[in-house]
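Each structure below appears as structure tokens.
Each of the next two complexes has subunit A plus one other chain: subunit B in the first, subunit C in the second.
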Partner chain A sequence: MSNHIQHLFIINRAGSLIYSWEARTETPEVEKTYEWPIDVHLEEVDQKAVVVFGEKDGIKLRYYVKSVNGETVSGTRLQLGAQQVNVLEYLQEEDHYPVTVKFAAPTVSTNEKIILSSMFHSLFTIAVQLSPCQKSSGVEVLETTQFKLFCLQSRTGVKFVVITSAASNIAADSLLSKMYELYTDFALKNPFYSIDMPIRAQKFDEAIKTLLERAEKNNGAVTF
Partner chain B sequence: MTIYNVYIFDREGQCLYYDEWFRTKQSGLAPIQEYKLVFGMMLSMKSFVDRLATNDSNQTVNYYKTSAYKMTFLESATSIKIMLNTDPNATGIRDLLHKIYQTWTETANSAAKLELFASNPPNENFLKNRVRDIVMKHPAYV
Partner chain C sequence: MSKAIKQNLADSKKMSAELFCLTYGAMVTEMLKDYEDPKDVTIQLDKMGFNMGTRLADDFLAKNANVPRCVDTRQIADVLCRNAIPCYLGISATASSWTSGDREFTITLEANPLTELVQVPAHLVSAGLSYSQLIAGAIRGALEAVHFKVYASATDTGANTEIRIRFDQVLKDSLPAGEDD
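Up next is the complex of A and B:
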């Protein structure tokens, strides 16, 4: 069945990520053989060769080059025998064509999750400042064409964030409250847990997984 | 239900238009600083959602909601950005944004033509009256 819940984040008072969970999904990959000249425009973005123009045949913007002629690309470096070449320069030479290139959809790395958590922390605060009326909270719901983000901030400033697919009508409030409850039970009551540090407790992981399985079945409504 | 205020920005972040109706809380910043903050927040939000969604390339922020208000976004292909703050439960806001954008493009085109042939630039109220007319007719207003 399709996963409605895509990401879970717990962010501490200072905006640091202290817990994250991600649904296991198959990363789309597309392989294609090109004649000179290649009709996809590639640029180096975040040390990867990324598609910036020319969506075609399932290859979309932000996809990056994963391998060339079966040889894995590391960042923008392509290993050819004992030699390393820049994959962008390699694809500019007519002598190398025809060439088979495999593209993969982007994923969210651990470092990116940390950056995104800090970013959300700032957005949350700015939303309070820019409120046109009194006593507004920060961002509680953020909707895009691809996903929905729900956020619950506790009295002590810890933020619980869940990201679902756009089509999902999951009862996020119930899910977030339950997450908060599990946080208090398995993190705060743990005598070895330092406040505001990343949560590394196996029982917490197991409890979260169980919660999410029940949430998927009951459309987010989780009650005992 | 009510409509609080509206911002229109160009692609570089210049605030082309601002108006407010039932705003009860000021941000505490000078207007120019507030416009920069709103635009910066929107840029960050776009960057944030782009990196989170790995499915597809064409993605836009529809809105965000807090306990007290809802900011709805519209961005045209020419990167004109319109942000409208309303009550969280207001409906039909996307249609209203499209009407505001249509009014903006018509007025901008008229203004450009007038500047070519007339000695006096068009009055600022030229746009303000039309936008206010559209907003005040909307069911979410008051």
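Up next is the complex of A and C:
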């Protein structure tokens, strides 16, 4: 079955991420052997060697260098024996060719999720303030060519966000309402959970997993 | 209320009112041993109720999507008496004695399950113990979670419990985006 539901986020009243889930997907990787000079343009972006031009052979923009000749690259550092070299500089030397480079598609780190959550929090507030009509809510649906984002904000200010594939016609309202109920059951009713802190509860994880399995089967219309 | 996973989460699992009453009673008597002053017990009951209330508000709203945002104290009283109190205590409640420009009102709980089997000694009441203050604290906490500041105090009178609620203000600073006018 196809995965319609790609991400879940719960954002607290202050805009901090307190829970996230994402569907397990294979991160695409591409390996290729190059002759001098390399025809992919690389630059350092967020401490990684990233493709900024020259898409071909399955290697796309924003992909980053994962390994060189089988040696793992950490950030932009390539370990060669006891020595560390900058991978960008290494690939500028003709003496090192031919060279085999493995590229991987970008993934969203935990830190980036935290940043994106607080960005969405501000975006939500801006939507209210810029509304041409009075008594407007914040962002409830956000659509792009590749995904849809649905958001439910509780009366108390907690935001529940689900990201689905663009083709999905999932009943997101129902899914978000159930997520809200599970939050009240497994987070708020846990006496050792502090409100607004990250949710680390195995029972909550399991309940979310069950909910998502049902949602995928019933196109989001979850009636237990 | 404890809850087990079952097919329909929307249906709250019922629990014995007597077990609830006994559990609460055991807790209060234990607190009376821990604290020397019954006034301190009342303060702690209110604090515990407040903590419960901040969480119960979300539980209530998650299961009652049709409850509108309140823009008036009469509306608040209506939601409490018609929906919230019957939902969690299984009893009916009425609002009355409106004063101070509708800022103050009394919620009367008929047949409070917490006091059904309880005879509070008179000397404890006169020393400052409010046996059902936990409910008042829960109301205060729940309303604060939805951004209303109120003060609440409980008085047990025979089979009834009266909760006097005084509305203070809307907590504008903590209103989420889209929840204000």
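Rule of thumb we're sticking to: the second predicted complex is superposed on the first by the 224 of 224 C-alpha atoms of A that agree within 3 Å, B and C clash if a C-alpha of one lies under 4 Å from a C-alpha of the other, contacts with A are read in each partner's own complex, and residues count from 1 in each chain.
Convention: a contact is a pair of C-beta atoms (placed from the backbone, for glycine too) under 8 Å apart; a residue touches a chain by one contact, two chains touch by 3 or more.
The model shown is predicted, which means the values in this text are computed figures rather than measured ones.
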*When the two structures are superposed on subunit A, do subunit B and subunit C clash or fit side by side?*
fit
*Examine A:L61 and indicate which partner it touches, taking first as subunit B and second as subunit C; both and neither are also allowed.*
first
_After the two structures are overlaid on chain A, angle v-u-w for subunit B, subunit A, subunit C in degrees (C-alpha centres, nearest 10)_ = 90
_subunit B versus subunit C as contact partner of A:Q134, first or second or both or neither_ = both
*Which partner reaches more residues of subunit A, subunit B or subunit C?*
B
*State whether A:V52 touches subunit B only (first), subunit C only (second), both chains, or neither.*
neither
*Once the shared chain is lined up, is A:Q153 touching subunit B (first), subunit C (second), both, or neither of them?*
second
_subunit B versus subunit C as contact partner of A:M197, first or second or both or neither_ = neither
_With both complexes superposed on chain A, which partner does A:L80 reach: first (subunit B), second (subunit C), both or neither?_
neither
*Superposed on chain A, how close does subunit B come to subunit C by Cα atoms? Whole Å, please.*
10
*Overlapping contact positions on subunit A, where the subunit C interface meets the subunit B interface*: 127-129, 134-138
*asked:* Looking at the complex, which residues from subunit A come into contact with subunit C?
replied: 13, 124-125, 127-129, 134-138, 153-158, 177-178, 180-185, 188-189, 195, 207, 224
*Over in the complex, which subunit B residues touch subunit A? Could you list them?*
4-5, 20, 22-25, 27-28, 34, 37-38, 41, 44-45, 47-69, 71, 85
*In the complex formed with subunit A, which residues of subunit C make contact?*
3, 5-10, 54-55, 57-59, 61-63, 65, 69, 145-146, 174-179, 181
_Please output the residues of subunit A touching subunit B within their complex, sorted ascending._
7, 27, 55, 60-62, 105-108, 112, 116, 119-120, 122-123, 126-147, 149, 163
